[in-house]
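Next up: some structures, all given as structure tokens.
The two complexes that follow have chain A in common; it is paired with chain B in the first and with chain C in the second.
Moving on, here comes the complex of A and B:
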């Protein structure tokens, strides 16, 4: 905990001396997107909150984050992409090892034209429209479906929720909008990737998903290849509404380049007998704060959070989950695992709340941390507040260093030390990684192996 | 040339001298049994042959196929053909026996390039032959295995990986009579002209099934007596005390 104390002073670092960050800039953004007035107002209100609110008093050190650095990328017509030469070698190297096709590399690196996913997407689009599913980029949705968007946009996470929610509200851009009508089961996972509008975007993307009564959706965000952007702040937001009896699964792989501050907000509001499943794998960024939240609002609502975090050299990843039980007979299950290696720092931060009215709640929380060496650090801070006596809460936390005996055992069967470590880590992650879509699981494993210079495919 | 030749070996663990001038020579085709009291240093010897970095060699020589292997990393020794079956095999959660053995097999026999399917067939055949339940293959390594199941899994690995030198550390301990037969059969199955075996045991009963060529009495860090199977019988009757010099 002590290492984390340095962020407890509430200094408003990020906006000190940011003369360009004002109402005029926000109006410009709104105008360029041809937005309705209500959205412009929401942006301006958010700006006010942002300027007023202190930084979070926990989590990663953001004292070096400077808003000036992102302003140039917010301006309409700004040069949003780097040139291929500017892309760090490390990232190019990873692309090689993952065998990413040339065209795709450039999009991921934030340079060059959009990867041509149009063809694939056209097909999917036809299927979806037959089912009545709306899947659009967020900006188009604001213009074409104002009544739905207005009803839900930043209601799960209001602009004054915290400082970066406010920042997001002021400058959001891009992202996906999905609406699944009642009782429709979307037959294939939808990928945010299809909605990548232009290179360099996706820093402040907003994802809004509404799964109507009895409907079912799997949404996949991100990709396992590293994403590079010249601007070093990513502050996205995901809002999900899972209506009565609906099922929603949200899978993420986060692999921002190692210069990025990744300060994300994800929240789902889960209705009666509905199910929300979060599966997240975080391996990139310099610093991350991410705690997907499920608000179990309807009787019998369920949430499952599965999270794997890998913090390597120079990284501080502060991840976790929040589950708020507001209704009776709601249940939740959290399985969070982290690996810290080469001086990395993985911090698990969890919140479980059971409100007074929520009787017969069931919840089990498990968090485990694996440290690969003594330069790396792990913490777990699970906060549990239970206001109702009729709750069945289970909690388990384990922090441990990788066992020499395990490495020796595997090496005695011919595996190199690097492969042995990679395999042990893979085994540790397996219950979560298996929950990711197959190709993502394979790539996630490969990324982790690469960190150990291991050749395990 | 001897498969394994250890001369005047001295070794420490945590600054305590455990091996105190040990000599042993094992040739291809031979089965050697090492018997000795608790704490004598038998497991330490197995670890030294395999190259466990926790143990420090202070004097002596370990030649494998004529080549000095002191200082050689553990995995390279495994690739040369050394195999250690563990007294207390480790658990590796999340990694199936099947996947692990395929990786191990590929590093130890890099030229065979066996497909996953052929390898799977080989695993199944071997499990059936050794009367080891096939479901073991898809369980995580040693996780939730009973003591006896762990030993059977070690024997399965021995049979799959086909080493040149197998150091079996109390692979017969803690087994019921059926499991003992499985383990003994698994050992007999690999015995042949291309392998040497060092069988560490406390019990005469395994020798009813596995016939050693040599029995060594191991006390306080060295071998104090070497003979044929009759030595094991002697031990059974007289205990170790008569061997303490």
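Moving on, here comes the complex of A and C:
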């Protein structure tokens, strides 16, 4: 986050809810969004689950997160617009510094930008609209496409899935709705960018993507926030439905500020012969619990999970992946890499489940972790559950450091020690980082160079 | 910024049963004063509701002294634990925390044991303990083994027959530069529940080899925790299992590297068939102070049946970066190419399976130093193929 970005005080808000979660708040949010009754009911039911459910009994320590101090809803004084010129100057300024409008012109098929609880900008290239691709903020989709939204919304992740799914169901706001019609290939990625600008706020955006039969989509999600002394909470949700023969790629770079609790849920339901690819980079937040999930429901479905996690000082990033094989001839591949440095803690937590009916499954999981120093921590816990004997499952994990002979070799070729270390770490991350969009890959490499005081560009 | 490393951990739900043992039940087993504190803690503790073993109720057998002789060997000190307590020989380990598979069962062993031994080995010594569940349907064991500096010990524990409940808690102190080979063999099909907890304190330069062989019991929990407390301590555990019918087994192996330059290997190979359910859990724990540790775990399970289930949960917890820490797991079925090749050489499928499974067990069987025990394992294995 650039120092020049507008602060909370400089931006005008028209709705700011009091901290805490209750029925009155939910009804007010629903009313202000002019929602149909079914959505209000879903919110209220979710609130019931949230109040009843205990905190997760694994993962990061959230005992210091006072949920009642979180501001659940914050609406900036800005109408959603399809033109950057109409976005209030102070908000536009923030997104410009993040390079979003520039990227939209050059490499994206459409952009959605959310500032705190509401989407302030949404646009898609005209030729894609003509092909029937829908890219809207979630609220508009609820009103304009009620049938389709009702069919899919919180079906992949039901509100009673866990406490923070329930919280999300109760107070969700903003996010994107994408529908790609049958056999349409979206040639350039769509991007959503989330900015959490206010201290003590909770952001609960909902992303719902439906890639119809034979279609193709690449969706990019980015997020950032300025750092405040109070805790912020991000509890977003991504639900993806990849229909028969379709291909979906979801790339994320998580760069929340280090006062943020990032308790996010992402899940894809993958149909027959369809492919789901998750590329995730986690750099930010104080504490993260994030395990993108692929449920391989149709015969021949495939999933690929590529994660890179960089846990620095004061961070506990509990990330991983879940793959559930429910159908025969499904396959999955997980490549999870992490780096922990300066006292950071990277935890890989994975679940691979092969059901009784899922015969001829192939799956491989690889976790590798680099520990930069002895103040840092690294854990891996992959859980593998196989319920039939026609499955070919392999798993391997390794935790270690940079080998001295590698550094020595590079130094003998004229590199400084810092440059050598940075180069090795970059090489370790490269297979995953190169899957990320270019600007994010650059961001990752910069982070490594900074960490090692390296001058490598 | 120094981070407080706090991990949220899952608590095991508990259940209580009215037919549970009472403190007074320990009286008729002798050495009551010794047993009493454990019994008092025991009654305050609930049984674990183990999902993996589907343990939500428990039928406890009547407590009575063990019938028959179970102990032989040539160790310098070798006595039943009761006798050793009477002679005030059991002094070590009194303050060592021992959780085992679950405190309820570890406390059960400590409070209500009707079998078990105490052995102190100086120089060379062998111990053979054979528990017969046919004659002792409820066998609760509590054992203590001390291997003094520079000594060499071979300990074989064999459990056979059909019983209701077998619980054991065993503590090993392996002192500086000593060597222990421990063969832990369970051949008790149709026995309702077997819970086995083993704790090893491994000191400087000591070398421990454990072979954990499991050939049945309807439900098995096998726990081995190795604490490598001084530099250059070395541990190698090899397990082999074959679970059939509706048997369930939960194997939990822990390598805790509490000292620098320690070495650990966990290796589990096994077979599941029918509707059996097998869980292999291996934990490697390397704290901040332990530099230069080399630790690996590896599990391979051959699944013979579409209805059998295998879970692998290997975990690494590393707080020092000058280490080698690695785990690998694979789960697969009988290799069709191997099968085809061997059948093309005139062997029938049954014979091929026997050869392949025997091949997995053979290195462990060959390592067993007693012919009699070797034969028991072979019979136990072949009766399952």
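Odds and ends about this structure:
To be clear about the criterion, the second predicted complex is superposed on the first by the 366 of 457 C-alpha atoms of A that agree within 3 Å, B and C clash if a C-alpha of one lies under 4 Å from a C-alpha of the other, contacts with A are read in each partner's own complex, and residues count from 1 in each chain.
One rule holds in what follows: contacts are C-beta pairs under 8 Å (C-beta built on N, C-alpha and C of every residue); 3 or more make two chains touch, one makes a residue touch a chain.
Computed from a predicted structure; not experimentally measured.
In the superposition on chain A, A:456 makes contact with chain B only, while chain C stays out of contact range. In the superposition on chain A, contact of A:93 is made with neither chain B nor chain C.
Judged by the touch definition given at the top, the superposed model places A:416 against chain B, while chain C stays out of reach. Legend: residue contacts after superposition of the two complexes on their common chain; A:426 is shown touching chain B, with no touch to chain C.
When chain A is checked against chain B and against chain C, the one touching more of its residues turns out to be C. In the superposition on chain A, contact of A:408 is made with chain B only, not with chain C. Once the two complexes are laid over each other on the shared chain, residue contacts for A:378 go to chain C alone; chain B is not touched.
Across the complex, chain C meets chain A through its residues 1-11, 288, 291, 303-333.
Those residues of chain A whose C-beta lies close enough to touch chain C in the complex are 55-63, 313-316, 343-345, 356, 359, 369, 371-401. If you check the complex, the residues on chain B that touch chain A are 50, 52-54, 73-75, 78-79, 83-84, 86, 89-95, 100-101, 103-104, 107-108, 140, 157, 161. Residues of chain A touching chain B in their complex: 403-406, 408-417, 419-420, 423-424, 426-431, 456.
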